[in-house]
Amino acid sequence: MSSTTGHQPTVDDATAWWSTSVTRIAPGEIELRGYPIEEVIGNVGFVSTIWLLTTGALPTRAVSELLEATLVASVDHGPQAPSIASARMAATCGVGLNSAVANGVNVLGDTHGGAGQQCVQLLNDLVERHESEGIALEQLAREAIADHKGRGAFVPGFGHRFHPRDPRRDPLLRLVEEAVARGDISGRYLAAGLALERALERGERRIPMNIDGISAIVYAELGVQPELARGLFVLSRSVGILAHAWEEKQAGQRIKGPLPPPLLADYTGEATRAVPRAHRPATP
Amino acid sequence: MSSTTGHQPTVDDATAWWSTSVTRIAPGEIELRGYPIEEVIGNVGFVSTIWLLTTGALPTRAVSELLEATLVASVDHGPQAPSIASARMAATCGVGLNSAVANGVNVLGDTHGGAGQQCVQLLNDLVERHESEGIALEQLAREAIADHKGRGAFVPGFGHRFHPRDPRRDPLLRLVEEAVARGDISGRYLAAGLALERALERGERRIPMNIDGISAIVYAELGVQPELARGLFVLSRSVGILAHAWEEKQAGQRIKGPLPPPLLADYTGEATRAVPRAHRPATP
Amino acid sequence: MSSTTGHQPTVDDATAWWSTSVTRIAPGEIELRGYPIEEVIGNVGFVSTIWLLTTGALPTRAVSELLEATLVASVDHGPQAPSIASARMAATCGVGLNSAVANGVNVLGDTHGGAGQQCVQLLNDLVERHESEGIALEQLAREAIADHKGRGAFVPGFGHRFHPRDPRRDPLLRLVEEAVARGDISGRYLAAGLALERALERGERRIPMNIDGISAIVYAELGVQPELARGLFVLSRSVGILAHAWEEKQAGQRIKGPLPPPLLADYTGEATRAVPRAHRPATP
Amino acid sequence: MSSTTGHQPTVDDATAWWSTSVTRIAPGEIELRGYPIEEVIGNVGFVSTIWLLTTGALPTRAVSELLEATLVASVDHGPQAPSIASARMAATCGVGLNSAVANGVNVLGDTHGGAGQQCVQLLNDLVERHESEGIALEQLAREAIADHKGRGAFVPGFGHRFHPRDPRRDPLLRLVEEAVARGDISGRYLAAGLALERALERGERRIPMNIDGISAIVYAELGVQPELARGLFVLSRSVGILAHAWEEKQAGQRIKGPLPPPLLADYTGEATRAVPRAHRPATP
């Protein structure tokens, strides 16, 4: 054993280092958050299992339905997205589908996959201040927008560079409104989101909620923490990433770059020049 | 424009290079395999959407149920798996949950995530030869096992280094048998899988089907190609990967290695030695 | 061609989209930043090529030597690091060495690989304020430390959770001091770094500069932007990541988790419980 | 502690599980393959350190020079390569440079980055058979080519889809020939490579050695195992990947896809269709 201090660690320290409350395994046994896998299989749906594993509890039917619709809504937006293009290119390079999916998922970063997370945070902040300080949502929304503009930042969850009106907004919004009407969720974060949308309206010009905004409302209503919202989006978009990587694999192309040959990227750099004499290698 | 040949490519070549049959987008419009997203959201479940995107068609209820149970069965097997441990460590290194999930997914390679794919291939081969050459499945199974042994290879989908009997086998097998009884699936691949399991039995010693084997039976019965079977497993295990990465993020640890400090990896290399004089840097 | 607006894009738009000043290729020709590859090979060293490609110019001998020593200093710190452990585990999962290296590199994030970048930024800020506002470095260093403490943050580049005194500090520092003495670099960022180190001293207790701190001094002296400093660290650590992944590949282990069997991660979650009756799957 | 068998593992099992011969660390000490880091820094070049870490020994000057030229030769081939395009797109998605580099490296798979490895294997096989069975290299080369053609496979290391003659072939080949002339390397693998090149010649039509072929000759001459040859290529191409990711980061674009807006990927799938009534969600 190697150790750096006088403290004498034991094997218990090693197993405790990896402790988890997600899954218990023992020979012949697997339990997900305490539920034996034999009972889960065939009785708990995939969406409910996603909720169970990430939050620790089985969802109610209302929660599961909202989560399911939200996961479905984000599965794909075509090969223009760098996540999809990355996965398709990877699929032509001689790696497994797992690595193609990994490359797609890896680029769902702060800019490409983070708007939902940021919007959940924004909605949480608005509702928190509204309820603790009694300031009207309309005013808080205007302030938040002014703050983003001042920083030269987009308001996360609103506007889409491609869709004048995101076609995923209305059907998800309707499900949220129905759930509020049934009392399944409070509607407090929906109110904040709609306040932001109204505050972004300038006469004719509208910047309607996009898929990230309406997804953020769902996640905030369900109590999902901002960062986990990104995680759930990752699961959703993984479906499209896989579908595209698989389509590309089946096509059988090799080493697909971004442009079809014989097209070449433009070169905008230095003109041809000679290596100065001073440069000779001599590394031992 | 840069081009390397006399051929004059047009912008159509560029857009055709990225052509897809998965998703159509236009301003204000998104269609998944032809279905408008507005109709999909709230009407098509997540599991059905996975099938739709990866295979091109909406599943029947029978297909969806088998797929759902199979996706649920594989979501997690705890932090002993390198995929899970990789994601947990990544979550402590200052990258987003997306990158933590990517690292987990990336290692679901031929060895860690490929047994299902290999087993689908094996089942396909057995059924194909059984039906085209009329050889009994029992004989084909014995030959296949002998072939694997001869190559020093595991028979993919059978035996588990941890579970004497994989607890996921029986509940999934029951669902498959019920689907065969209802006529939802043919049962031809189930027969091949069971033939392999019987052929692996040696008196007291059994090497029962594991999660990869029973999953492979489902996928083969549903007509899923071997490599896509790995892809679907990736979607399933992504759930556990996310749950573990998220648990680790919440714990807030920084730069988690495989062993708790002050434990150190053993060093088994060269004893301390001096750099010879000959080695001096001189790279220009 | 698919397009969304009245604007008629041409194939030139597609090739311009990927324009670069790094490398020009044409049939039979490759130029790195303008230098024909035939002249580069055998005449320009690897370290100089790294500098050429990332900054656009060939380095002087002084720059190349400092960069080389800094790249060498960070190559490895053993399997305790999650980057190394991730790569080693990946190497046992049936993916190529490229994917094993990718998993290691991917976790060199803000926390695990970002201290150097943050320290370059800090040194730049200190020197900028010192020179534009005439405030003494000592005072600026004390303020910066107080600011970090106030935010509960580590001062990046100082202290090491494992080494009381990082053995890479002194040899790199000596090279920096020699370069200052020769007039190769200005020494302004060295002064700022040493001011921080002195300001962190409290009687007996010292928090000396670590590898990230002394590397940051080199990079700041060479005019390397903070984020590129992380990039150069990535190149350096890739060497250790590769060496460990390769050692693990040669060992031939399969599906290596963080703990040796039969050790298991501790389970700290819910006790065994039954799935409630309400949960039955019915997704179409 | 959790354990699954009667065997009582100790903490020594845990530290032995991660044993390594690459690097030894102790408080205040770092040794690379036995060499104290203080002696390595400033005395051993970066290329020599790469060799030291991956093979275990310091290289001779001849080995270091050949390795250096080979590493330099492969650093970049522009954004047409999916590895480079992947890294550039990643850099626009809100992830660190480390993750952008990881995505580039990850696609250096069997097809995109594996030709060198395969060519080293081929050269090893030819030389081994030539020397053990006494068959002329010319005959072995013709047989190998016929074998590849029969399998519909490219001969790895020969021909280039872009360069009629790879400009990296001649300068590297010259260095190899000079090293043979000096007696630094045996020239046996060079002979095998040239035999393959001659055997591929058909009158006017030539399929000359490419960068992978000439690199494979170097690696085979140096005794580098085939898979490590891929690893060394990964280190080389990482430089170009980083340079491109960094260029893209500096440009500041957000969410860069493969085609410039308003260009869209062509859609070739199903026409618009309605979701059948049968599909209603009901997952609990």
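Chains: A, B, C and D, in written order; residue numbering restarts at 1 for each.
Definition applied: a contact is a pair of C-beta atoms (placed from the backbone, for glycine too) under 8 Å apart; a residue touches a chain by one contact, two chains touch by 3 or more.
Fair warning: this is a prediction, and the values are worked out from it, not measured in the lab.
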item	value
Partner chains shared by chain A and chain B (touch criterion as defined above)	C, D
Between C-D and B-D, the pair joined by more C-beta contacts	C-D
Chain whose average C-alpha position is farthest from chain B's own	C
Distance between chain centroids, defined by C-alpha means - chain B, chain D (Å)	25
Distance between the centres, which are taken as Cα means, of chain C and chain B, whole angstrom	32
Rounded Å distance between chain C and chain D, as computed from the means of their C-alpha atoms	21
Residues of chain D touching at least two other chains	1-4, 9, 11, 13-16, 18, 20-27, 36, 40, 42, 44-48, 61, 68-69, 78-80, 85, 95-96, 98-99, 102-103, 106-110, 113-114, 162, 256, 258-259, 261, 263-267, 278-284
Touch list for chain A against partner chain C, complex	4, 11, 14-16, 18-26, 31, 33-36, 39-40, 42-48, 56, 58, 61, 68, 95-96, 98-99, 106, 162, 258-259, 263-276, 278-283
Touch list for chain C against partner chain B, complex	1-4, 9-15, 26-27, 44-48, 61, 64-65, 68-69, 78-83, 85-86, 89-90, 92-95, 99, 102-103, 106-114, 161-162, 254-259, 261, 264-265, 281, 283-284
Residue numbers on chain C that touch chain D, as the complex places them	1-5, 7, 9, 13-14, 16-18, 20-25, 27-30, 32, 36-38, 40-42, 44-47, 49-50, 53-54, 68-69, 71-73, 75-80, 85, 88, 96-99, 101-103, 105-110, 113-114, 162-165, 167-168, 170-172, 174-175, 227-228, 230-232, 234-235, 238-240, 242-247, 249, 256, 259-267, 278-284
